[in-house]
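The same chain A turns up in both complexes below, where it pairs with chain B and then with chain C.
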Partner chain A sequence: MHIMEGQLPLIWSAFWFAFSIPVIIYGIYKLNKLVSERREVVPLIAVAGAFIFVLSSLKLPSAVTMSSSHPTGTGLSAILFGPAITSVLGVIVLLYQALLLSHGGLSTLGANTASMAIIGPFIAYIFYKSASKAGMNFYLNVFLATALADLATYIVTSLQLALAYHGDYGSYLESFAYFAGIFALTQIPVAIMEGALTALIMKYVIQIKSDTLIDLKVLSASAVTRLKETME
Partner chain B sequence: MKLEYIVSVVILLFAVQFFYGLIIAPDAEFGGADGAAEEAIVNSQSYEPWFEWALFEPPGGETESLLFALQAAIGSLIIGYTFGYYKGKGKSESD
Partner chain C sequence: MVQVLDDYAITSPLRQKNTLLKIAIASFGIFMGLLSSSPITPLFIFAIISFSIIFFGKIPIKTYLKILTIPASFVITSAIIIAFISGSGQNLFSFEIFGHTFGVNKEGLNMAILVLSRSFGGTACLFFLALTTPMIDLFAVLKMTKLPDSLIEISMMMYRYIFVFLDVAMGIKYAQTVRLGYRDFKTSFRSLVMLGANLFIRSWEQGEKLYLSMNSRCYEGKLVMYDEKRSIEIPEILLAFSFFTLVIAIFYFTRDVVLF
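== the complex of A and B ==
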């Protein structure tokens, strides 16, 4: 989903910065507030950020298109802390990759932030909260929310490129299909993998920090008790 | 343990799809999707590079994979440390 340096026309670079910057500012505000109110969540924020760090560095092979693509790792953080705080963690990873790996870029940071750090996490969050209300099994919910966030990230990238380069690859719809053929299809097995890994790490988070999950309103106290009973 | 079994099956299936890909397309290199899109953009007619800047560009694949590995290592270290810390803390409190 990384759009490389200079590969979006100026107008679209500016558009996606205008989209992303307010969310990041709000995210920094939320992050500061959370950290000052509940110091005990800091290690969990570090884990969520580190999870994005690890997953977005792994380029996994996909036989759907015979190419490789990386998961995003943002679903965990989105479920735990919401999309605004996740956007801040995501930007840190994108900056690392843009500055040290020349993977992605500064001019495209706004667009890459929008897809990986904002819209993907937002979808994970909305899905998790709705399915949670509807009473879906917790791990299935985490799996689906995360896999959807992963897919959504790559669909947004395809959309961003279709908007910027539609003339060259046919109509808007045809260009979207073209770029989605590169990104979104490749992502299907990768997204499933990401969903499964996130569900597993979530189980360990419950084991070590279930009280914080209740504080953060990720799970109710009764849900935690039920999940812990099934763990043995 | 049930979830661990399910995740193991997913990992296994992931490996199966990869080997299936290797069998049906033995010449495939499984190059990066990001790179494929980069190429599509460079080849498109309306592409005009207007901004080029790099603080640091890895000189080759080796350095690039070093930095990616470093990224994964730093992340894993933080996750392992935190989980270990809380597990140990929980244990000593219950003793």
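== the complex of A and C ==
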């Protein structure tokens, strides 16, 4: 869910750039630190970014609405790499989506980064970490974390539009309700679909290539063996 | 095969022009469109830029109209919402659903038209850049800036692998489709899961191979690129300059114009 070019007034575009840039700088700092420790992560992260881009260009089958809806992939990336690196990957993916597919725009890049690459993944990550500490079922956890990332993205986008466009003073809430209400028609089914898709993708990955998940510290080795046992 | 805007950029006749000039034109258009408080400036930018995309960039009109519809649905939905929510005063028309009155007033309608025209103006400028400048040329510009190397390196490798994986994904999808994998909702969901999982595993293996192959070619955290020098010619400067002055003049004279 992107805000298209020219949809935000200049002042709000600038505001969201000011919000996003420090986070991205922090993400780059984290990334550089990781790269200096383990040089092999550069190609891996680049390839993961390309994977997110391709995943987000696939159309989800949509039973509820006829509109084309696609996954964002940011929830998956947040679970795999953490929110800091996801924000850096997200900003590059958003730039490519704008320049290669004309989803989103350049002046709204800051706003889209805030919703899709920063706030959504951050919430997904917090949820995933705390739920796995609480001992929630891994697939349910992935499902909920990814769906939450999508929902958070869509709510922040509605909020961004509501802040920029509203009626008289004090009607922010009302205009937020309008935007959120209308976009909910397409975005809630998308969130549920993407959650289910990501959870099932994880199941395949555990079956076939579970060692990458251990490498990335998504799951501990004992958790993987337990999950594999339940499959048989 | 997925068509991306870059495919047009690589064969564009404007590709040989100076990248910085193209970036300047596109960002100037976007900026002035957002600055403008009347819909005339963005619409003027839209007209001029669309003309240059079709006439100088040699993009077929049909193709151009088709790619313009990509952002259209989101833009139009939000313009309608904006018409209903913003502004105050006398309603031009209104109706009632579930006891709640929905109305559009003058201010709201003007705002919606302004946002719509800004989106079209901005989108045209974005297309101007996307349809004439391949990413490779933009990387050269990024390298000139002070952006950290790791960020640019990752963007470049990502760019390369986007196309590799798009091909893989389309291949898998085609194979699934001919085996009736997208017959109904349930099968298409199952197929999509398999596609996503396979793509993930393949991309992971590809990443490991990429690291090995780059290491064996002495990768030290820096990819060196050949940057073609493209000079700006005088007619181009004049054209860009007249575009800038025209837009500024129109911006100045139409700043108080409202449609309704």
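The rule is simple: the second predicted complex is superposed on the first by the 187 of 232 C-alpha atoms of A that agree within 3 Å, B and C clash if a C-alpha of one lies under 4 Å from a C-alpha of the other, contacts with A are read in each partner's own complex, and residues count from 1 in each chain.
Please note the rule applied: contacts are C-beta pairs under 8 Å (C-beta built on N, C-alpha and C of every residue); 3 or more make two chains touch, one makes a residue touch a chain.
Every value quoted in this text rests on a predicted model; they were computed, and no experiment measured them.
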item	value
Partner chain(s) touched by A:134 [first = chain B, second = chain C, both, neither]	neither
First, second, both or neither for A:96, with chain B first and chain C second	both
Touched partner set for A:106, first chain B, second chain C, both or neither	both
Touched partner set for A:40, first chain B, second chain C, both or neither	second
First, second, both or neither for A:31, with chain B first and chain C second	second
Which superposed partner A:171 touches (first chain B, second chain C, both, neither)	second
Partner chain(s) touched by A:192 [first = chain B, second = chain C, both, neither]	first
Chain B/chain C common contact set on chain A	2, 4-7, 9-10, 13, 43-44, 46-47, 49-51, 53-54, 57-58, 60-61, 63, 67, 96, 99-103, 105-107, 161, 165, 167-168, 178-179, 182-183, 193, 196-197, 200-201, 203-204, 208-209
Complex interface listing, chain A residues touching chain C	2, 4-10, 13, 28, 31-32, 35, 39-40, 42-51, 53-55, 57-58, 60-61, 63, 67, 88-89, 92-93, 95-96, 98-103, 105-107, 161, 165-168, 171, 174-175, 178-179, 182-183, 193, 196-198, 200-201, 203-205, 208-209, 212
Sites on chain C touched by chain A in the complex	2, 4-6, 26-27, 30-31, 33-35, 42, 67, 70-71, 73-75, 77-78, 81-82, 84-88, 108, 111, 115, 118-123, 125-127, 129-130, 135, 138, 148, 150-151, 153-162, 164-166, 169, 173, 182, 185, 188-189, 192-201, 203-204, 206-208, 210-211, 214, 221
Interface residues, chain B side, partner chain A - complex	2-4, 6-7, 10-11, 14, 17-18, 20-22, 24-25, 28, 30-34, 36-38, 40-42, 44-58, 64, 67-69, 71-72, 74-79, 82-83, 85-87, 90
For the chain A and chain B complex, residues of the former touching the latter	1-7, 9-10, 13, 43-44, 46-47, 49-54, 56-69, 96-97, 99-103, 105-107, 139, 157, 161, 165, 167-169, 178-179, 182-183, 186-187, 189, 192-193, 196-197, 199-201, 203-204, 207-209, 230
